[in-house]
């Protein structure tokens, strides 16, 4: 699994001045304390995630999985330590560059944040618009993404007209449609039945095989044990296990 | 399990003019078609849920589980057929009586709808305020409810300051704090790790043992198989299985 | 109630721009309304004064038969009242009003002819009546203020109508502003409101803080408007009275206080009605 | 651009109350602003006219030495210019202005004394100058319009200041209204905005539709205001000119067009600046 990264052409990840292109995410002694809260959400974390990896993030409710994602997206800033994404510390992503960074990360948010006034189709197409994909390519790409999550028939429905599981699948389609070099998925199967959940896992593995680095935060023990990948286990903000062989150890 | 209902004193369920107090929820040939959507969300459903029962509602994403809950709450109205709650058809709950009905139903919404500007404590206390519980009882009852879901330390945090799983647990605390005669829980463990999910199931069973009728929509196969109760299986809006012995058959 | 009051204050602070916006618009409207009402009051007084002056004066030739002419004139259509004033009476009157006339009269004798004073029913009648009178034999000349009074009446009526139009517009502005403020507040709470409804809160429970907010805003605006309007008007009235005593400026409290009170009540009622309507409407919209 | 434009129109329709509210407030403000500017223009003309009339007239005794007095008066502080007008010249002047004077003069002889006309530099000087002149031997009586002119100047200045104050308030109201409209629009989109930011949309992308909305609103308000103001003012001016020709009503296009243009520009600029500021501020608030 880890060996695969050398097969990937470097230009798939065309960030400016990549010092170490193979390290997509580096956490160096990272702590995160939210202003209002006493305890640390993340506590002295050291993690390296390489290009092309598929990594599970597991841990109890409140262990810090979403906080990890937030740091990578620059949705939060570390209180201590350094976070590097694509070889550059977060502090280098300022102003417009923050937007450019986020365009290269496909994200499934845990509170699947769809644009409420847009249809499923438009929600997925929005990513293409922001990343600058020409409009004539949209129908094909959005169609493929929606088909992948089994929602080709609901393209015109707005989020309120979809069940929670369907919304979650739209969010997944949105995250993969632009073929991002990095994909963060925070509990993407929380509202999905086992069949759909497995299907989503297969999709993510497929995306990963095409070169995308995938970080997947999840509580789904059976998925983690069925589709084995490197697994990071958090407990109260600390990294207590980094298991290349995988397995759900909570 | 079903026999237990006869042990419950009838006054625990003091709805006005209960014609058949034992039938808490009755669906008679109920169909539900949302305006914007072509397919039926519920298709000719016949269900009776009795006082004191614990019922799982399972089915694929989009099968109609949340729609079922919405009908019981009068959040939606049936396109055909009749829904009765506490012995009275929905059409009798009008104006103020809709509010009174909802006060007697504890609900965990799938998109756990917390009041964003209130702390965890105030969110839970809000139910008590609405149901007219005197203020001096709040601290003890809210404290107990938060302890039950393991959040006694986060009472002052607002929803944004909580992880998704923590928010879901606040919603569970809110649903049980007023000791409602009926409890609807829509995917209450979607963002919870296996340990917390089991704990929540134990809490719901405990509440059920004290007389509350519980309807639980879920995708968690292991929970359904571990804690066995009557299970209704929906497929594309139709009731395809009603298994008193329980078991996840999808 | 404390809960609702606290919520109202929180909402007002939370949407400070909306609150200030509504407060400004509302205060201005009430100021304008008060101003236009006061203006109207004065314009009306002036118009009444002017209309009572609509009079046609016919100067008779020395040898004319005044009494016979009087009867003829009284028979004309549009004439309400006519009066024959002999030349001595005219002189006495003029001497009273303008003392210097006496000296002039001493020098050149009584320059005034016998005069018929004719009052017409309506301002519009003065021209035809004047023409009819002028054609009568024995009438040397006719004078009537219509040219002047007509214009004045029309101008003042226009000013008043413009004032009303402005107030109507401003009122629409205020109502929109209140509706909007309530809507902002409710939209900011829309998720919250639907959650509260699902948890069993009644519409009244949800509406109350917004209605309180509306009434508070109305009261505050009224107070502000009166605080500016009352002293401002009195100062201006005093100045006008001193500078142009011909204008019958209204300054008696018996007329002014009810008017100002009405303006204040209107402000409060607008706040109440606006928020009642808006909460009802937007609550339905949200559900 | 089409995307942003469509978004702007959608937002305006979605928040119709806010849009209408802003439109009303803004149009009213521009109307008021235009009105007050036009009023000021006229008031200024009138004041200039009045100030040029601030003149002290000294009526000399029959036997006084006019030329000597003239020199004395010219030496007084505050005097800008003085002129000796012999009684015949005064009579000729009066006869020209009021033809009846001639007849009176025929009867009683020239009633006017030799007169010194004194112009003062500033309105405030007229009283001390008049007093000083009156004390000079050979001066029988002094007349000056200060009592009248002073009052007029003060009243008009007050009116103008009140107008400016009102416009300032209304302007604040408009700005608040625009800020608020933008805020409403952005708050309605706040979840959306934060999602868009997380998906990599730039601030500019998010701000553009709101700025377009602001400019559209400004333009629309300006157009509405001008459509009412221009014909309204012209009609009123005509009426005033006909009714009270003493007022020097401004009616030349060379003065009016730039003024109206400035009002329109201000409306558009306010829309632009308000939405630019508001989007920047609230975007920061939302993040």
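Labels A, B, C and D are assigned to the chains in the order they are written; within every chain, residues are numbered from 1.
Definition applied: a residue touches a chain if its C-beta (ideal position, glycine included) is under 8 Å from a C-beta of that chain, and two chains touch if they have at least 3 such contacts.
This structure is a prediction, so every number in the text was calculated from the model and none was measured.
**Student:** Touching both chain B and chain D, which chains are there?
**Tutor:** A, C
**Student:** What's the chain with its C-alpha centre farthest out from chain A?
**Tutor:** It is C.
**Student:** Using mean C-alpha positions as chain centres, tell me how far chain C is from chain D in Å, no decimals.
**Tutor:** Their C-alpha centroids are separated by 23 Å.
**Student:** List the centre-to-centre spacing of chain A and chain D in whole Å, with centres computed as mean CA coordinates.
**Tutor:** Using C-alpha averages as centres, the distance is 63 Å.
**Student:** Roughly how far is chain A from chain B, going centre to centre by Cα mean, in whole Å?
**Tutor:** Centre-to-centre distance between chain A and chain B: 32 Å.
**Student:** Taking the mean of the C-alpha atoms as each chain's centre, how many Å separate chain A from chain C?
**Tutor:** 69
**Student:** Of all the residues in chain A, which ones touch at least 2 other chains?
**Tutor:** none
**Student:** Draw the chains as points, connect those that touch, then say whether the picture is a line, ring, star, complete or other.
**Tutor:** ring
**Student:** Would you please name all pairs of chains that touch?
**Tutor:** A-B, A-D, B-C, C-D
**Student:** Can you list the residues on chain B that touch chain C in the complex?
**Tutor:** Touch list, chain B to chain C: 73, 75, 96, 99-104, 107, 109, 113-117, 126-127, 129-131, 174.
**Student:** Chain A touches which residues of chain B in the complex?
**Tutor:** Of all residues in chain B, those touching chain A are 34, 36-37, 58-62, 66, 110-111, 157-158, 161-166, 168-169, 187, 190-197, 219, 221-222, 250.
**Student:** Which chain D residues qualify as touching chain A in the complex?
**Tutor:** Counting only chain D, the residues touching chain A are 3, 191-192, 194-202, 205.
**Student:** Would you mind writing out the residues of chain D in touch with chain C in their complex?
**Tutor:** Interface residues on the chain D side: 17-18, 20-21, 24-25, 28, 31, 104, 107-108, 148, 151-152, 154-155, 158, 162, 166, 169-170, 172-173, 176-177, 179-180, 183-184, 187-188, 232, 236, 239-240, 242-243.
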